[in-house]
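After this come two complexes, each holding subunit A, first together with subunit B and then together with subunit C.
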Partner chain A sequence: MSEVFPPSIDARRGGDPPLAQSKPLVTQDVEALWDPSERLWQIAIAPSRWRLTSQSCQTLDGLRLGSLWGEDTGRSVLRVHAVWLPSGPGSGLHLVTELPTATPRLSTLLPDVPAALYFEREASEMFGIEFASSPDPRPLLLHISHDFPPLRKRTAPSRPSGERRTYEFPPVEGEGVYEVPVGPVHAGIIEPGHFRFQVVGEEILSLEVRLGYTHKGTEKLFEGRTPVSSVPLAESVSGDTPIAGACAYSIAVESALGLKVDAATQAARGLLLEIERVAFLLGDIAGIALDVGYAAGAARANALRQIAYDALEAATGARTGRGVLTIGGLLRPLDRALGPLLTPRMGTIGKGTTSLLEHLLTHPSVFDRIHGTGTVPLNVALALQLVGPVARASGLVRDVRSDMPYGPYVGRVVHVPHEKSADVEARLRVKAAEVIEGCRLVLEFLADGATEASAAPPLLSEGPTERHGLGLVESPRGEYLTWVSIGPDGRLARVHVREPSFLNWPAIEYAVKGNIVPDFPLCNKSLNLSYSGFDR
Partner chain B sequence: MSGNPGKDASPVAHVPEKMGILGKVLTMSYPLGRSTVRASSARTPIHNPLLCTGSGECGKVCPTNAIQVEGSGAGARFELDYGKCIFCRRCVDVCPSGALTATTDFELSTFSRKDLVVAHVSGKPVTAWDPDLAKSVKLKVHRLFAGSLAIREVDAGSCGGCELEVGALTWPEYDLERLGIHFVASPRHADALLVTGGVAVNMRLALEKTYRATAGPKFVIAVGACGISGGPFRGSPEVGGGVDSTLPVEVYIPGCPPRPEALLYGLWMALGKVEQRLWKGELPPVAKRSV
Partner chain C sequence: MSLSSELGIVGIIVLEFALVLGISPLLSGVIRKIKSRSQGRVGFPIFQSYRDLGKLFHKGSVYAESASAVTEWAPLISFGALIAAIPLVPWLVLPSPFGFAGDLILFVGLLALSRFMTALAALDAGSTFGGMGSTRDMWIGALLEPAFLLTIFAWGAPSGSTGASTIALHSISLGLANFSPPMLLATTAFVFVLFAETGRLPFDNPATHLELTMIHEAMVLDYSGRELLLIEWGKAVKFTLLTGLLLTVLLPWGLSLSLGILVLLAIAVVVAKLLGASVIIGALETRFAKLRLFRVVDFAAVATVLALGSISLTYLVGV
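Let's look at the complex of A and B:
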């Protein structure tokens, strides 16, 4: 991967850009170091400055909270990491603070940083960190109490052996207000989660989502394994986007170990990422058509989707593209005769999507249901720091591919579609435009020699010290973040996966407000959030 | 201008044509006819005991410990569990003797968990299997539900991959309903539960309640490596070792995720329309056992 000199934060702070690594940037008592393995400025701060520094990241630097997670160093010290990412092209910050394992206490970022809510609740239950004066200390993923916080490092793993934890939904009171509990087992073929609606007549007053049903302890499972043997686990974090998951994980490990990936392999990754995006987003279009009761439109979208998954199967041998990517490259090369097969298929999908979108938007019974439904206004999208097509449909033009280009997208022009109306219609338009752009990019990667990539070289896993790396990939749902820490023994010490849905789930609670209950599935499908990616 | 002015006059007359409804039939003939899986999609490892040298390389690279090799050389005991296999082909890549090859065969569903385990010692199969159990279950299920099976899908902690492929059964290409099988919205309407995921601790109660809410006679189909054994998540304290640790399972459909054709085969087999092919630790050619 070609290293681009960091766009510096010093422009905002004054002064000349420091040379990478050699000259630390010092502002008062804060020292920022450029971390080439993460392509972020890294700042270690005292716990007492946590809240203030985070606030200034958001308000002064215009950064958004990408992720926040804990780490047990195993030396009586817990670390809390927060990654602040740019809202457009630029570079971000990685804040780290250390807390004593015996009394881990940190001030909450709420209510100034609303996006921190789920992160803090997770760090609290997984590491036992107390976020002082947090307005919502309820558990997030663990429904049953454990022996000790599960991501703490002890010789034996923590087991869910205790009582079922209580979980209170805030009551809504008033004349004619009633409650509709839905799930965790839903009516469709989807993942499990619980929705609690407060309703008057047919209108939804409020919704609270409770997740964690598919919590599998995935982040803990990574620990102690070798990086290469854990690729299938990275593919299974959210199994409907395995390529994005494996890419983000591979990029994180590669940057930690300083591995270079050749141009043909990058093109192959780009090709697979884009076919996955096309196939996935066609599923969203099918879902929207189905949930307005237009089965013919759904069938048409699913027929196009089948072409995309068939293309993925032709390229990788597996319909969902599993078992092909690995650290440093590919497990097996793509079929060299892929070009003649892919080109007409991508053309069919592109043309089919264009005419399908036109048809859906001019069909009165479809348009009537999607226009003005499930609005996620721009101020909500900004406050929650949403990512992916959902953010772009609300007017936030953010896409990792163009903001912080990685691997296949370095030096590549990606058209990022966006809309302003922020409703289901806007999300449909954005997703259809992304399918068409994805088809174009597939052919571009094909022309750049994606099929020339050879199988990955063997990986050196031993190293002198602890190393860490960050992988950021634009998955079909948006920015997919993976952070890995590799110990001196060459094994994974901590893996943190933040699937885009983790940021986007709160959006549904705003999207359904004022809508009628029967439109909930439509709002849900237009956001298409991953349950497994959230729960892990 | 067409000869039928009325056709052009109607605002929706062109819709069927535009929507591809008048186009060619997309639905495959499988499982009634033959399947067409391209040769490059060969993912199922098949073990040839006559070529096996007992190197043990396959067991070392298997990410889910689906392959166990005990001892070494010609007398080694080789065991391959399709219920744990995620069909990643890493074992085939490293096999030094060519004993492990990948095939396009996906008809791996069984009525018994034991049948998914293929074991060889010194070139001979030693799989434990239970023909009476398989036959009795098959006949019972077949008698009750053949021709019309209503399924409730329950995700008990999958990664979402199996939901993708189970959902694909309703796409035009696969069109499950042509076989008289359909997905229903409530366990109250269901004859069978199709369960994915290795049963996450947080989903166990919901799964048990869903099973109790299903009217009898009923049966459970476990789908995917997770549903059968916990798959990639096996060993996590948050996940059980498969659906049969919580509910009685009568049909197992392996895969990670199983391709839609594999699901079609499993469901068709559950209705007794085809026989179980993975039998006595062997997977005979299609023509030999199909009905």
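Let's look at the complex of A and C:
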């Protein structure tokens, strides 16, 4: 087993960590390099120390698993990356280990790190890595077996062999227990997912979600393309948050190539990110109102949402914000006369959201439905390491914008709303508060010269070596992570996208416990998880 | 009885069936329009329901492989039961020439038969949603039926009859005194029953796309073509039946007391009353979110208590 440091770490741009960033305890006996732009310590370890080091990250340093993914170097070596992130303001840790492609075996992080489950299942099916003594080796995204693990490097693409894999749902037994299979095709036009309920009467005993129906091999599609031409792909990982997707991807590429982005461009990015957040979360609020059958409330939220989309269209010419961002900045500048147009609209949305929230919370039949429904207790949120508004509604105050400020948010104060009751009501309150805060931030970015950003210069991505970079963005759903590896030819060698839903999906299985079946759609809507972002 | 009056009676029955079957889709169109307006949308044209039914008429039916003959004939029986209930309510003429056919107890029974057949059909194919919808629907039915029957006893108590014509004639004879506390209590109870029986908010959301929250819609997910036409139409007819009954008892004025030309005026009055009631019911519906399923028990209890209170007032206090 080679104990060499992956080239990514050798070639890192150096720099001293700020004094406050004391070295994590786990790094005391290994070499660690500080990456100032990503605010991460880079550490390479031997596979034999994988489990122990990971446990220490969690217990000694209080870090949480942000993502875990595989990479095929194409040189008979597989790498496994894990990013450990701080639970509050601070710095994180990027662990890398190398495995021989012929016999890739690694010890599982389960059950000590419950959040690792989906990551390991994915790495296992996509790279053929065996996680020894894993309690759940079932496939995650691939429903049909492939002739070889699809994300490994080969000249010929991996093809489905046409054989449908068996997938066992753990049975629940007892008198009066029955199983309700729902989906993947639903009565409404929504994304596909299969839900297996174990039910007594109307009460839900357990739920298991099976996804992967929209798996498009997006991470594979990135490979071999140039960084700039792949921005539209990054936007469409979860098509309802294209700006966050493009931003996370751009930040990752910029970090890999060592690009600096000027302040006006950062402000423009911030402005777009916040308008997207406002529009998206208003959609969530509308969805909650609609799912309790209160169409009049939903109509009010949707009307506000349209104002936000109108603002986005006025700013960029693109209603959903696609095709606006690129690496290093914007494809074309924002409309310079945006100020007088945006200010009253953001005011309208802010005021409208305040009064709508008040209306929904004081409407007895709405309040009765959302209060105490779909609770995700704090201990569950902590164990699963949830992110975004869902985590904040459960009492976890975490937000990339304030914990690990990036681009537009460096040196900016962001109010992070949070609640304790962890139910649908708490999520509604958090989302409404974030809409209002988003409106404020939009105007702040406007004042900081967002409209003065010019179009991005052409990008030169060729270089002497392989370069890696990581981008973290707080998307409307929470922490959005993208990692890129760019080869010497300037083309993407591997891109890993972890949409926040990947961490948050298991929350639904806990949120519905003890609830009744007809309340499931409401719990689901209040979490608003992306199927496409999960499946990629 | 002369030949002309017999022809008149046949004419009335044809008119009444045509009226109820014909106007039902319009009423559901009106309610949808009101709901759309409350959401700031323009909404479908109010005649859209007719087009929907016409579309279903021209479509073929698809049956689940596991379905038996029940799936085919249950919608017919269900619809037939509703048609049979039409003459039990005096729509145009008082006393209704078909009052002899049965009283409101039969009316409740026919509605229950219709509900039972729909539930049976939903169970037939063995799909999850059909089963879920039918258990919920029968459960709501069992909870609300006592309130329904008690309301009818409460309405009938002053006149000592459960026949709709007798009750309506008694109401007319009272004049404004018809709006007595027992009547208003019983009517309130009936409004609860009406909303539950016709699957409207806050009991059931007819507009939902969320299969797990559905009640009535879950039962008919497996249906298509003309069977679905009968079910959809039947749902609209049921609404007209219950609204018509409510109007007959609460506002019986405008019905013709003979078989003469006044029947034409009665048609206009009945149509106006039904449209007005639909607007009010549609507006009421927009005020509610859907109840959490088990809260239906509370509503059923309230309806039952209101109806009981109405009966007690009539007999004990003699208001």
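Keep in mind that, in the parts below, the second predicted complex is superposed on the first by the 503 of 536 C-alpha atoms of A that agree within 3 Å, B and C clash if a C-alpha of one lies under 4 Å from a C-alpha of the other, contacts with A are read in each partner's own complex, and residues count from 1 in each chain.
By definition in this document, a residue touches a chain if its C-beta (ideal position, glycine included) is under 8 Å from a C-beta of that chain, and two chains touch if they have at least 3 such contacts.
Since this is a predicted model, take the numbers as computed values, not measurements.
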Return first, second, both or neither, reflecting whether A:D262 touches subunit B, subunit C, both chains, or no partner chain.
-> neither
Answer with first, second, both or neither: which of subunit B and subunit C does A:A296 touch in the superposed model?
-> both
Applying the touch criterion given at the start, work out whether A:D240 contacts subunit B, subunit C, both or neither, answering first, second, both or neither.
-> first
Classify the contacts of A:A187 with the two partner chains as first (subunit B alone), second (subunit C alone), both, or neither.
-> both
Scan A:E509 for contacts with subunit B and subunit C and give back first, second, both or neither.
-> neither
Applying the touch criterion given at the start, work out whether A:P518 contacts subunit B, subunit C, both or neither, answering first, second, both or neither.
-> second
Can A:D136 be said to touch subunit B (first), subunit C (second), both, or neither?
-> neither
Of subunit C and subunit B, partner touching more subunit A residues | B
Touch check for A:E98: first (subunit B), second (subunit C), both, or neither?
-> neither
Find the residues of subunit A that appear in the contact set with subunit B and again in the contact set with subunit C.
-> 187-190, 296-297, 299, 303
Over in the complex, which subunit A residues touch subunit B? Could you list them?
-> 142-144, 150, 157-160, 184-185, 187-192, 212-218, 220-221, 229-233, 236-240, 242, 283, 296-297, 299-300, 302-303, 305-306, 309, 313-314, 317-320, 322-323, 331-332, 335, 355, 359, 530-533, 535
In their shared complex, at which residues does subunit B touch subunit A?
-> 15, 18-21, 26, 38, 40-43, 61, 63-64, 86-90, 93, 153-168, 170-173, 183, 185-187, 197-198, 200-203, 206, 210, 231-233, 235-239, 256-257, 259
Can you list the subunit C residues touching subunit A in their complex?
-> 35, 38-41, 128, 132, 201-202, 205, 207-214, 217, 221, 286, 288-295
Residues on subunit A engaged by subunit C in the complex (per definition of touch) | 180-182, 186-190, 202, 289, 291-299, 303, 363, 365-366, 368-369, 373, 516-521
